[in-house]
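By written order: A, B, C and D. Residues from 1 in each chain.
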Amino acid sequence: MSAYFEKLDRVGFEGPQSDNPLAFRHYDAGRIILGKTMAEHLRFGVCYWHNFCWNGVDVFGAPTFERPWHEAGDALERARQKADVAFEFIGKLGAQYYTFHDIDVAPEGGSQREYLQNFQAMTEYLGEKQQATGIGLLWGTANLFSHPRYAAGAATNPDPSVFACAANQVFHALNATRYLGGANYVMWGGREGYETLLNTDLRQEREQLGRFMQMVVEHKHKIGFSGTLLIEPKPQEPTKHQYDYDTAAVFGFLKQYGLEKEIKVNIEANHATLSGHSFHHEVATAISLGIFGSLDANRGDPQLGWDTDQFPNSVEEMTLIMYEILKSGGFSSGGLNFDAKLRRQSVDKYDLFHGHIGAMDTCALALEKAAGLIENDRLSEFVCKRYAGWSRPLGKAILEGEKSLADLAELALEQELAPRHSSGGQEYLENILNKIIYG
Amino acid sequence: MSAYFEKLDRVGFEGPQSDNPLAFRHYDAGRIILGKTMAEHLRFGVCYWHNFCWNGVDVFGAPTFERPWHEAGDALERARQKADVAFEFIGKLGAQYYTFHDIDVAPEGGSQREYLQNFQAMTEYLGEKQQATGIGLLWGTANLFSHPRYAAGAATNPDPSVFACAANQVFHALNATRYLGGANYVMWGGREGYETLLNTDLRQEREQLGRFMQMVVEHKHKIGFSGTLLIEPKPQEPTKHQYDYDTAAVFGFLKQYGLEKEIKVNIEANHATLSGHSFHHEVATAISLGIFGSLDANRGDPQLGWDTDQFPNSVEEMTLIMYEILKSGGFSSGGLNFDAKLRRQSVDKYDLFHGHIGAMDTCALALEKAAGLIENDRLSEFVCKRYAGWSRPLGKAILEGEKSLADLAELALEQELAPRHSSGGQEYLENILNKIIYG
Amino acid sequence: MSAYFEKLDRVGFEGPQSDNPLAFRHYDAGRIILGKTMAEHLRFGVCYWHNFCWNGVDVFGAPTFERPWHEAGDALERARQKADVAFEFIGKLGAQYYTFHDIDVAPEGGSQREYLQNFQAMTEYLGEKQQATGIGLLWGTANLFSHPRYAAGAATNPDPSVFACAANQVFHALNATRYLGGANYVMWGGREGYETLLNTDLRQEREQLGRFMQMVVEHKHKIGFSGTLLIEPKPQEPTKHQYDYDTAAVFGFLKQYGLEKEIKVNIEANHATLSGHSFHHEVATAISLGIFGSLDANRGDPQLGWDTDQFPNSVEEMTLIMYEILKSGGFSSGGLNFDAKLRRQSVDKYDLFHGHIGAMDTCALALEKAAGLIENDRLSEFVCKRYAGWSRPLGKAILEGEKSLADLAELALEQELAPRHSSGGQEYLENILNKIIYG
Amino acid sequence: MSAYFEKLDRVGFEGPQSDNPLAFRHYDAGRIILGKTMAEHLRFGVCYWHNFCWNGVDVFGAPTFERPWHEAGDALERARQKADVAFEFIGKLGAQYYTFHDIDVAPEGGSQREYLQNFQAMTEYLGEKQQATGIGLLWGTANLFSHPRYAAGAATNPDPSVFACAANQVFHALNATRYLGGANYVMWGGREGYETLLNTDLRQEREQLGRFMQMVVEHKHKIGFSGTLLIEPKPQEPTKHQYDYDTAAVFGFLKQYGLEKEIKVNIEANHATLSGHSFHHEVATAISLGIFGSLDANRGDPQLGWDTDQFPNSVEEMTLIMYEILKSGGFSSGGLNFDAKLRRQSVDKYDLFHGHIGAMDTCALALEKAAGLIENDRLSEFVCKRYAGWSRPLGKAILEGEKSLADLAELALEQELAPRHSSGGQEYLENILNKIIYG
């Protein structure tokens, strides 16, 4: 097979001053930061769907991309051709991982059986590509939202046989993920939600979703899949309301079904912002609740109310994310998957490289800056000092349950407590942050 | 004491055609709907703060209202004068309940002790007013957000002595609520959140809030308060992020601290919409999770990003709310508190009546329409039929845990499942709804 | 040709109590309201694109609708089949008008010439259908956003030959509209905007758009098209920013190019709300600026940030719209086009009727309510009284330019002006409105 | 008078590595960039209201700041004390300019006459302070929104005598601005808008506002004020809708009243984002329309729907702004006013320095990066090349009005135009931008 990206052999690291648009300026895979290589820290993943499946169509317009593997032809052959280009791309880019939905990689077919045959054939093919290239699978997933049968949901569908079809896909996608050595398995419930409350039984649908997740956990253990199960929150789109709205909603759901030790979250930047939170908030919240798993690194547009899935390019924002992750000990099975797509006008095939190179440089630089924050962590110092009272006798006694409301009321009155607020130091801390980013 | 609203004796019911702006057109307290009077169904509450404490100030402008009790003078005397007007107003309006924060009704004083003395004096005075008028207390609460000491939170403050001051207020406010026969006690954590993650320890603050809520529950039981404890979710404002963001977030919090049987939610329409949900969504979600308690009936402005607290005037929206509540059996301890305020330009004192009369008529009419929906419940019929598969063998087996992922995968393949999506009927259902509202 | 909607002959008026979901409850075409029939007032239009071109696809999912004319086959034959169904539908529904884009009705073809041949063939066919049914054309338009050539805009494209292609389409679409007796011609600049400012020359693109609009106006006069030219504002989607953002932006554009007497606006409810305004605001603003033309009646979802194009079902909102239109003298060439689509789950073909029947009943009822408001117009009375000072000497002198800043400063000081704010009466007015809607 | 900020003499420039939180890391006033000093480029202004008038109050809480000049006392003496601190602060900070509202600097008094006496006294005092310190006035303005008389607007008030009071204030504020050598005069119509359309006559209010602006222009010329008149757009807050919604709305208004050569815009970052636009969009739009004047540099919170007025701290965002301004030739009379306030929790008086130092460093660094972009302007190169067709014969002929719609239609058909879309290069351009920012 001849190369699709014929004018490029491999994206190299050339340093911040390089004017080569097809080189890294900051991502230097082997460079050591806080005791690990950049590659080990960042665990970049390239997604199949936006890069190799999407053809540039949008709600108001026809395809613009003209990829050869989107042309008519034998479906499995096209799928192999697509895989070839995908692995060529990821290899030349120098990312370590990829991510996919079942029907991204294999033709859906016209029946459950055809689906399975195609998927199994392609799983083997992907296994060969992995072996040949050394590229690994960050996570697999099943597409439970595109087929018309899922119009009213998959696990939450009013029809149990749709639930069974969804189970079939997840069964095979999870098996395939194990076969391919995937580090995680992701569940995004794109249509697990509602369009109108008028036709929806919320309690019933929640029960269905709870049972579905339990089944997946049971199956994971049964087959000995050692990766992490992840739920990806999103507030809406395509549904009016998605049950996995945000990290807090997922946490409540996991607690209700006893799954909070079994499933973590895969947080997407653009989903975070659509849900009314900052990306930073969602990551910090997940870490504080002990359910942080992995990232879909992208960005939305602050003025647009849908998932624009742009490549991340803000070092300012990404530094905060990497800072939280480093503080929590770094990724374990998770990584940085770019759930990002070219703009529809970016029709040059090398734009795929521009998008990913910019994104990887952004993350690499953010890692570097975050390490700078950690090494002399004046932010954490400030925070420790701010909460110091909670390590002293009164604070401890309260948290350890030794004080009742009456005790404290008495204390307040007897000691005539009149605590004075001291500065929250927000502007001061923001300056410290910028000092590290722009120092 | 002479009347403040001298030109009005009592707001009467005059029927839909009345042109009297100071009469009800739809709220007929004693009218029977589905076996209960309108008053028993709706349990209207008038809030102290917006009506009697707020002076018309906004972030960009000076007070506009010129109420006599806001003039200089002896603080306790002004407080009694305010209470007199409040009870005169509620009585003439014919609402059954009122709601208050501790420092709405009593001068805050300059110390913990003064606070307590004032509050106790006023609690007694309120008790006398209740007795004299027959007006009851829907809920009490403590203001844990206005005093400068709470700038960085109350229970979640970095300083434990602020926590203790908060405990003091809640101790006394809960005691007062019990003394006054309050049906509920509400906790709105207006500053339980953060301004910047840079200075915030999320896990620490959550622990503090968890312990605080447990203390309140313990105290409730200790004093034998038979009302319901309620948390009022709000996503932000004044904070950048409030921990009790929405019903789903509160549910996760309650589960984490084992409080889901002890505390319910008080849902405010405008808080719901600020959190990215419809009011209907929040109510239906709370009911489906078993934590629905009470309502702050108001409305926001769909174009504005802050809490405008306008009086509810959409029968279309309110009908859906009343429909959910009727389906769930109606309010138990909860009710319809109008957490609504006049527009700052509505400087005529009788505007207080216009606001409440419109709101009460809106709710009464919505109750009537919702009863119409219930009586011949074609919406529920449609929903039942839609989910019928879950009462059949396959659906039951799935929900009862008798099927594994592998079982269902096998079923899908062997039976070559190819379920067809049937119409969700949204437009049809919307027409049914409008038929009842405008029939 | 046999009927597609075989189980229905014609949607009849059966009155508010009817339980027939395929009958009107409020729209009674011949009923006289304020001297005109409902049909004359409302001038309903059914759009081609959502109803007959869209197949139920969304960004995350495959088609769900399975219409026979979407199957493979001879393109022109399918186009005629589609036209047959469209006219069957509109006729059975009893709407007076339809609306279309050039490539909704005719196959786009593979070249400019094929486009033209197909379009001319279908224009004739549509003419025959109009004649046979009595259905008229509310407006025509050209689709300048779907073809890949328009990815970076049509009139504002960086490439003048794309501008020329756009000119070709508008030339023929305007000619066709004249041929078909269209009452208006609409221009929606879906891709006249930008994705990123980094590659955009705002001044250049505005000049292009200005010239394009002038050309259209010149051509209109040249061919003697007597209908109205309309621009349809929308803030974004598919672009990040659309130049015709809202009515105010369009007004500034028209003034700059001297077109404010030549072009009016076609206001869509969902575009209004996406731009941060209420539908009411956009209509009232356009009327106040003298550029109100026509309506795309639909609704968005207050929680969603994209154009959901749902059928209008709020009588409360629509009454305000009809009230503004009645006050301004009613539609002249404009009308109520339903730029609304079924939910993707509404796969029953009769759902098309449910959507439109609900929408038409909503508008009819709103017309009735608005007429009630007008007949005894206490809202206008209040407004007149509120601004009465501007008809008195001081107000007149100011507006007629007889006073300078210095004159008024002197006046303020000499007379020690201390005007007192009187109540804006918002709650009172809202109650009057609800009295009429629910009286 | 002894110093208020006693521990600081002057904020010095210490370079990027400095750990001194009270030093500049990037703002080096005298450093030459593209031929002008940083100070000449940036023209920093410190605002009176947020820094010296606001006491830390918010809608839900009491003052937190405890500034000595907010204590009780003789009003004029307090005003002088406030001015002393203001000039001490600005001098120590090393900003060149300040900005104020009339009633920020002088007690409002109880009558028009008292207002004038106080304001004149303080104007003289400010003149002396300016002379003593060398600090200049970037712009003055009148507060036409805080007094209760303005509850329903100033120029757009239903009562002409309120209009006259507003005229009185602007008359004197403009005179004072001229007296103090102000470079600009700003008009922000905070209450020139509406709360509800039900009580509003849009056309009438627009006429009033148009006449008011004309009066101001006439007066400016009469007194020979050589500064620039500026309107500051904002979409809402405190009103539901403000007429000066955004730059596009202001442009249309100016065109309607023939003022587009007389009045420019003062763009505030947070107002831009509240109106649904990026700050970059508003600046680029104003420049492209020829009405760019000055900036209120601050930032909002992407998750909050009100004006948070935070200090700018994003070099990434600010670089785009400075790039646009440099490309357009730099500020003329305008500058960078920090319409920014401390967080309410930032109660340390030196937080005022932290806020401004961070903001000034952000802008200085952005200037430096923007100069880097300009010096080798690959962005502009790309844009020029992208639009090159418009300098060739066809493009020129179109823009010069030599082609009709018919001409172009003929051209498209005869030449069978089939233009191909070429890449918009967004990702590539974003990488170039980041290369300069992080190079």
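Everything that follows uses one rule, which is that a contact is a pair of C-beta atoms (placed from the backbone, for glycine too) under 8 Å apart; a residue touches a chain by one contact, two chains touch by 3 or more.
Nothing here was measured: the structure is a model prediction, and the numbers come from that model.
Listed by label, the chains touching chain A and chain D alike are B, C.
Number of steps on the shortest path from chain A to chain C, with steps defined by chain touch: 1.
Just to note, of A-B and B-C, the chains joined by more C-beta pairs in contact are A-B. Note on chain placement: the centre of chain B and the centre of chain C lie 38 Å apart, centres being C-alpha means.
Centroids built from CA atoms put chain B at 36 Å from chain A.
For chain A, residues that reach two or more other chains under the stated contact definition are 64, 148, 151-152, 195-196, 241, 276-278, 303, 343, 345, 347, 421, 424-426, 430. Those residues of chain C that touch chain D in the complex are listed here as 111-113, 116, 148-149, 151-152, 158-165, 167-168, 170-172, 174, 195-204, 206-208, 211, 214-216, 218-219, 222, 235, 241, 245-246, 248-249, 251-253, 255-256, 275-278, 280-281, 284-285, 288, 320, 379, 382-383, 386-387, 389-390, 392, 394-395, 398-399, 401, 403-406, 408-409, 411-413, 416-421, 424-426, 429-430, 433. Within the complex formed with chain B, the chain C residues making contact are 16-17, 19, 21, 25-26, 64, 273, 276-278, 302-303, 311, 313-316, 342-343, 345-348, 351, 354-355, 357-358, 361-362, 365, 421-428, 430-432, 434-435, 437-439.
Those residues of chain A lying in contact with chain C across their complex are 56, 58-64, 145-148, 150-152, 190-191, 195-196, 236-238, 240-241, 274, 301, 303-306, 343-345, 347.
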